[in-house]
Amino acid sequence: MILRLDRVQAELPPPSDPDPVGAGAVQELMGGRFGEMSTFMNYTFQSFNFRNRAGARPFYELIANIAAEEFGHIELVAATIGTMLSGASPNGEKPKFKQGALGGLKGMPNPQQAIGGGLGALCQDSHGRPWTGDNVFSSGDLVEDLTHNFFLETGARNNKLKVYEMVDHPAARALTGYLLVRGGVHQIAYARALELLTGADLTKLFPSPRIPTDKIPESKKHMKNGEHLKLYRFSPDDYREIVALWKGPHPETGEELEVVDEAPEGFEPNDPPSQPAVFAPDYAPEEIAEIAQKLRKDAGL
Amino acid sequence: MILRLDRVQAELPPPSDPDPVGAGAVQELMGGRFGEMSTFMNYTFQSFNFRNRAGARPFYELIANIAAEEFGHIELVAATIGTMLSGASPNGEKPKFKQGALGGLKGMPNPQQAIGGGLGALCQDSHGRPWTGDNVFSSGDLVEDLTHNFFLETGARNNKLKVYEMVDHPAARALTGYLLVRGGVHQIAYARALELLTGADLTKLFPSPRIPTDKIPESKKHMKNGEHLKLYRFSPDDYREIVALWKGPHPETGEELEVVDEAPEGFEPNDPPSQPAVFAPDYAPEEIAEIAQKLRKDAGL
Amino acid sequence: MILRLDRVQAELPPPSDPDPVGAGAVQELMGGRFGEMSTFMNYTFQSFNFRNRAGARPFYELIANIAAEEFGHIELVAATIGTMLSGASPNGEKPKFKQGALGGLKGMPNPQQAIGGGLGALCQDSHGRPWTGDNVFSSGDLVEDLTHNFFLETGARNNKLKVYEMVDHPAARALTGYLLVRGGVHQIAYARALELLTGADLTKLFPSPRIPTDKIPESKKHMKNGEHLKLYRFSPDDYREIVALWKGPHPETGEELEVVDEAPEGFEPNDPPSQPAVFAPDYAPEEIAEIAQKLRKDAGL
Amino acid sequence: MILRLDRVQAELPPPSDPDPVGAGAVQELMGGRFGEMSTFMNYTFQSFNFRNRAGARPFYELIANIAAEEFGHIELVAATIGTMLSGASPNGEKPKFKQGALGGLKGMPNPQQAIGGGLGALCQDSHGRPWTGDNVFSSGDLVEDLTHNFFLETGARNNKLKVYEMVDHPAARALTGYLLVRGGVHQIAYARALELLTGADLTKLFPSPRIPTDKIPESKKHMKNGEHLKLYRFSPDDYREIVALWKGPHPETGEELEVVDEAPEGFEPNDPPSQPAVFAPDYAPEEIAEIAQKLRKDAGL
Amino acid sequence: MILRLDRVQAELPPPSDPDPVGAGAVQELMGGRFGEMSTFMNYTFQSFNFRNRAGARPFYELIANIAAEEFGHIELVAATIGTMLSGASPNGEKPKFKQGALGGLKGMPNPQQAIGGGLGALCQDSHGRPWTGDNVFSSGDLVEDLTHNFFLETGARNNKLKVYEMVDHPAARALTGYLLVRGGVHQIAYARALELLTGADLTKLFPSPRIPTDKIPESKKHMKNGEHLKLYRFSPDDYREIVALWKGPHPETGEELEVVDEAPEGFEPNDPPSQPAVFAPDYAPEEIAEIAQKLRKDAGL
Amino acid sequence: MILRLDRVQAELPPPSDPDPVGAGAVQELMGGRFGEMSTFMNYTFQSFNFRNRAGARPFYELIANIAAEEFGHIELVAATIGTMLSGASPNGEKPKFKQGALGGLKGMPNPQQAIGGGLGALCQDSHGRPWTGDNVFSSGDLVEDLTHNFFLETGARNNKLKVYEMVDHPAARALTGYLLVRGGVHQIAYARALELLTGADLTKLFPSPRIPTDKIPESKKHMKNGEHLKLYRFSPDDYREIVALWKGPHPETGEELEVVDEAPEGFEPNDPPSQPAVFAPDYAPEEIAEIAQKLRKDAGL
């Protein structure tokens, strides 16, 4: 079971200039083979399928706990896309049909982002193909699953960097700067687990790809806060045994890894503005607001 | 963000006679168009993409809160499949290769459940096709999304009943009996939201399909506990405005709907036993246990 | 069985300025989840699979008859796309290879529209993904199928409007203006059937999405002709029982719904001009014409 | 546009012993690459996309007219599947949930035929994969499209024969026996068109594959009626120019090909019986019948 | 088994102006239904599956031998794409992250070519969809497989010409000019095999599509060398029986077809330059070179 | 370019008892995510896309050379499947249609293996889904590609073992016993390359999964020949620099790795017998043989 918090892990700038083409590229981080849906679902299924948890508890808990953090990452990617698409069609007034409120979006890479979705995130990659369960690897063999996860995070870092370099919208940069740091934590976590399980020394594989994360301004700010060293515990009472694995020096900086015994405080999410031109949340948002207000009042809120 | 609890929403029987064919059918409830991955991901994306939350907060919170419950459902389906596959290959001893430890699974409907997965749940439907992001509908238009969700829960109840009738393994029955009740709650929730938003009266569409849930023994037990009337709040502090929508009489029984202001207590999950024949979690689970024990000790656990 | 008429349901303007990008967006109405292939095939399969037709004949006939109209809609969408692509490569002369007759199409959203197809419609959506049988829902349960169909037409209206607003080519506007009206008829038909079967009152769900169809010039002209009120009978002798369901007031205008006891007269379709640059129908269309002329003569035509 | 007739092209036996496994194999003829959805949609799209119809009319009309016949083929395949699945779960009484009305279908090749569909045809192939628009070839180049169509019909005959040999249910045999004859007509039609257009002589490619159709009892009966020689005109008034192409000797028997200037009379379709166990058309079909009866009466029928 | 030669079949120009949009179109020739992956894999699987090779050896060898040439074609297409993408991001210096080294590629048709791949060829078509095994046809029936192959090469020629006309980058032109000639050889080879097996005369189907290959400058140069007449033997010792089928006059020019009893000499392939901005082969290629140099030295090279 | 040899890498037993269900499972090793199509195509595309080959030649050559060996593996898997399917329908006589020559295959896991294919290998996995280009990973970053390849071979060994244990047909056992040994060589090769490039020590990750290959009789025989130590050079003249990487001790046995400077001698492939019931290579194979004989004679063979 999960409990959900109405807060996001990182702060995103509010909507500014819309960037539908850039938003299309950011979709890779949502629904691509190495996107956040993949990390979230891989670790979630591996935790569901974990056999003999009693015998191998720290490993089970590490995977389950990272899965929980990954939910926060699909949330952040969606928020980024919504931010980048806000205002992509004229806002703040009713659609006037003949003028073609969406004319400006003709030719956008994935027209479904406007035709099918209300200028929101899709469960697709940067090329409009849906995320698929084929992206989940869960062999049940612990060494093999950890090897996979290390590789997955490696590929994910590659993709995050590429999107960083391709899209300069401030929301995209804030997102990728943050994810590069947190994805790095997960990459190290799986390498550490492999090392502690087999005795192999993977330290020299880092950084992989060879990204100097501390040279990226939007990442550096999180490193200053030690975000590259912390593994948060995303549970009220469980997953306490992750301390058995997340420890020792950071393979790139040598600083000591640390478990934080609670979730990060997070931030109030942006409330993405209405887009009446795509009927989100309606042709006339103010009427929905009125109805909601009455329902609230009736309920004593 | 989410916090994860190491507990499941419903009690499942422990592994007994394995049923790989039945487990294959239960996969429909995981990765089929109307499976729990679909309900979980539809509501999750709709909540991510919700615009003008301030204006329509009770609706936003209803969707976000139900999304959180659905995570518990994919967890339950996975646990059921793992239970039904435990023992499907000889257990408790090392594989002796020549004998062909998996011979008994030759001809199972989806051989990938053994070849690719370690006798665990796959992110696929009953026919071995992966769940896909194409199953997510998130138009941004609130009336349309709610209409979709009502339809989705209707189709989901259909599928749950069919699996109930096809598979008589006790774990499958416990699962479907429970999900029929909780899925019914979500179906009503979306109908109520539609009614309160538009003024239409959908009461007479229930039950749809016309399943007499109270005639199903594995469901009746949950109805006795009032599980068909309760909407749990799956958040430490948020989603308090769902009370503005979840109220009034149950469309089939006339009893009063009620919000429970916390998550259900849940149950300790089964710990699925090792399956060395498929190397889950390893060829020699006891060695992993030994390593884990040492790591725990080093960490002072 | 069907009989085919060489006429189309609505009048389209002749080819003018080509619009390959717009044609790509119109493909959503052909092969998207909510496109006309979906409506055509959903109702067709539901009619094929209908059990106990004798017992529920008006419902069977309603679905079968609407399926027949939908064929006319895929035909119209294809004609629109062909119109919008005519002239997209230089016409009226043989290709001169070195110059690159298709250079102007480099970078079009879906290059396959030129590379694989002869500037014609594809069985794909706006993002180049093929229509798939997964889009067909046919549960056999009448209430459930009607609920689905109501939802499908709702989503289809959403997509039609979005394409209307995105693409201002006169053929696209003529198409979407017409389909919005006829799709509305089908949406009401399924709602009416549900109401008459269950007693629920869905009137207040209209319009959904909240499109003021009568404000759209290309739709208004068809409403003036009462096209929003008429259900045509698309059969020489069958489907006479649809009158049992298509009656009562239009949920938005209050006008009386009416069955027209024959197919609409329709219009002579445009004959899309040769495009020798893509070898359609050949590198040298005039030679085919000559051969055809001789064959006709031989056959006494 | 089309008009639809409530009649089928060939007579099928009524439901007898159900054969779910056989029905799964027959699905290949519906939704496989060489199934009837493919022939129907290939010729339909080619007719929609045909450029310069005036210049090449007999060719346009041949393709459009055969497309119309193919609708009757998907209809027949669906009717066959429905027939083979009738009675696959206990019929004639209400489902008694605990007993598991669908237990007998556990392990059927495609469980979705029962879980998702109401014992009806799916838009899928014999392996549960959906038919897809990728199966449509429409290049616009007439020689190339005709070459494709000849190849498509060749492959289709192969598949029909294989299903004939694999499944001995009487409905499957009636279907395949008929389709082998009619598919042969279309194969010849495209070869003739190619010959008349280019001057090549394809006669010696027949039969391909080398099936002695007249040795197959279920085919022989149709050959006795000359069904292998007749091209029906499926239109009230159009497609009269097919006589310019469909003429000359049958490449295998030497008999004269003939155009029949109307659709075949056809047969009253079977009315597939209710299957309450899968809620088709409902849990209680008699209640629907009662409602329908009242609606009919109200409408003066 | 195969032996691989580090040489390519045709000479390509070195990287010049990058053309990412054109490279996207060229992908159709790699991973499209009629691309080189399809020809390579169709003939490869047909040769693997060929039954009674002893009885029909010349036919088996023809297919196996052409399969071997097709490997050289996927190699050439990949080399062309790599050439066209070289320099698409700034080269010759380390990435400076903040500047966004890939900004210039935002909006390219398939962003995955940069995000997922290192400016290299993908196993996809021009619309970013992966090549799939569904493109392989291998019925085992020799007449049918040859008919298919003739059709496949026909469609492939169509696509090659369209790409030629759409993309004027010199590498794309060199590629398509060459492939049109060699694809024509394979098309004739399958027609000849069909003729010799059945007695049908397909000569008049040529050219299909009606491309005057000798009018295309980049093709003419290869025709001058007789490349349209030669079938190379791609094996040290096998496939000598192809001479039984590849003989007689060229159907368009009347010149005599000839078997060349060895592989073509080929050309040294271009060595595509490092692209540090996408980390190909690394962030710091010179360090890899240094390591490689040392390893070479250690190995006495 | 490649040269093809009409020899296979390992000896397979001749057809004996057919095993269509087992053949279905073996398909996973052809077209599954970790099957031989995946290893072949991953390394092939990585070699095509390799940038700065001059600088990193030993790495380029290692990948290109292993790719060449993998062709021999898809060949072996296909030969195994053909062997296991031979005789699955009555052989040695003409089909007698009414009896249904394929009746014995009704209910086989993937009916397309008989319906679409002539009892041959498909380009699909064990669940009838086609191999897809999505299985190719080619990032251009050398460390990342090598990490991927190590993981891919790890997963491939898992799958091979599972098929070994599930299917006891002698051809399947001969195949998997051989592939486990050769796949192990490739897994080590990529680990060595990573070690030499980064300095990390991966030795302790072996064996992964923990398969005691020397306990498997069908593998042991190849290990006795030293097949687990040898890297063959699959090229007449190229790829000589692989000696810079393939050296040092075997991580499990400590024996010295060795490069063999030519391809293995291999074995004469089985000639799979005609299956007239599926028209492979024809309804009357003896007639094809007669034609072929005449053509051979005409060609002086």
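To keep things simple, chains are lettered A, B, C, D, E and F as they appear, and every chain counts its residues starting from 1.
Definition applied: contacts are C-beta pairs under 8 Å (C-beta built on N, C-alpha and C of every residue); 3 or more make two chains touch, one makes a residue touch a chain.
Predicted, not measured: the structure shown is a model, and the values here were computed from it.
Participant: Quick one: point me to the chain whose Cα centre is farthest from that of chain E.
Facilitator: B
Participant: What is the distance in Å between the mean C-alpha positions of chain A and chain D?
Facilitator: Once rounded, the distance between the two centres reads 48 Å.
Participant: When the centre of a chain is set as the mean of its C-alpha atoms, what distance in Å lies between chain D and chain F?
Facilitator: Those two chain centres are 39 Å apart.
Participant: Touching at least two other chains at once: which residues of chain B meet that condition?
Facilitator: In chain B, 33, 109, 116, 128-129, 134, 139, 141, 143-144, 158, 209-210, 278-279, 282 touch at least two other chains.
Participant: What are all the touching pairs of chains?
Facilitator: A-B, A-C, A-E, A-F, B-C, B-D, B-F, C-D, C-E, D-E, D-F, E-F
Participant: Looking at the complex, which residues from chain F come into contact with chain B?
Facilitator: That would be residues 21-22, 24-25, 28, 32-34, 109, 125-129, 158-159, 161-168, 209-211, 215-217 of chain F.
Participant: Can you list the chain D residues touching chain B in their complex?
Facilitator: Residues in contact with chain B: 95, 97-98, 100-103, 105-107, 109-112, 114-116, 128-129, 277-279, 282-284.
Participant: Could you pull out which chain A residues touch chain B in their complex?
Facilitator: Those in contact with chain B are residues 1-9, 31, 37, 41, 44-45, 48-59, 64-65, 67-68, 71-72, 74-75, 78-79, 82, 116-124, 130-134, 136, 138-144, 196-197, 234-241, 243-245, 247, 263-264, 266, 271-275, 278-282, 285-286, 288-289, 291-292, 295-296, 298-299, 301.
Participant: Under the stated contact criterion, what part of chain F meets chain A in this complex?
Facilitator: So the residues of chain F touching chain A come out as 33, 134, 137, 139, 141, 143-144, 147-148, 150-151, 154-155, 158, 194, 198-205, 208-210.
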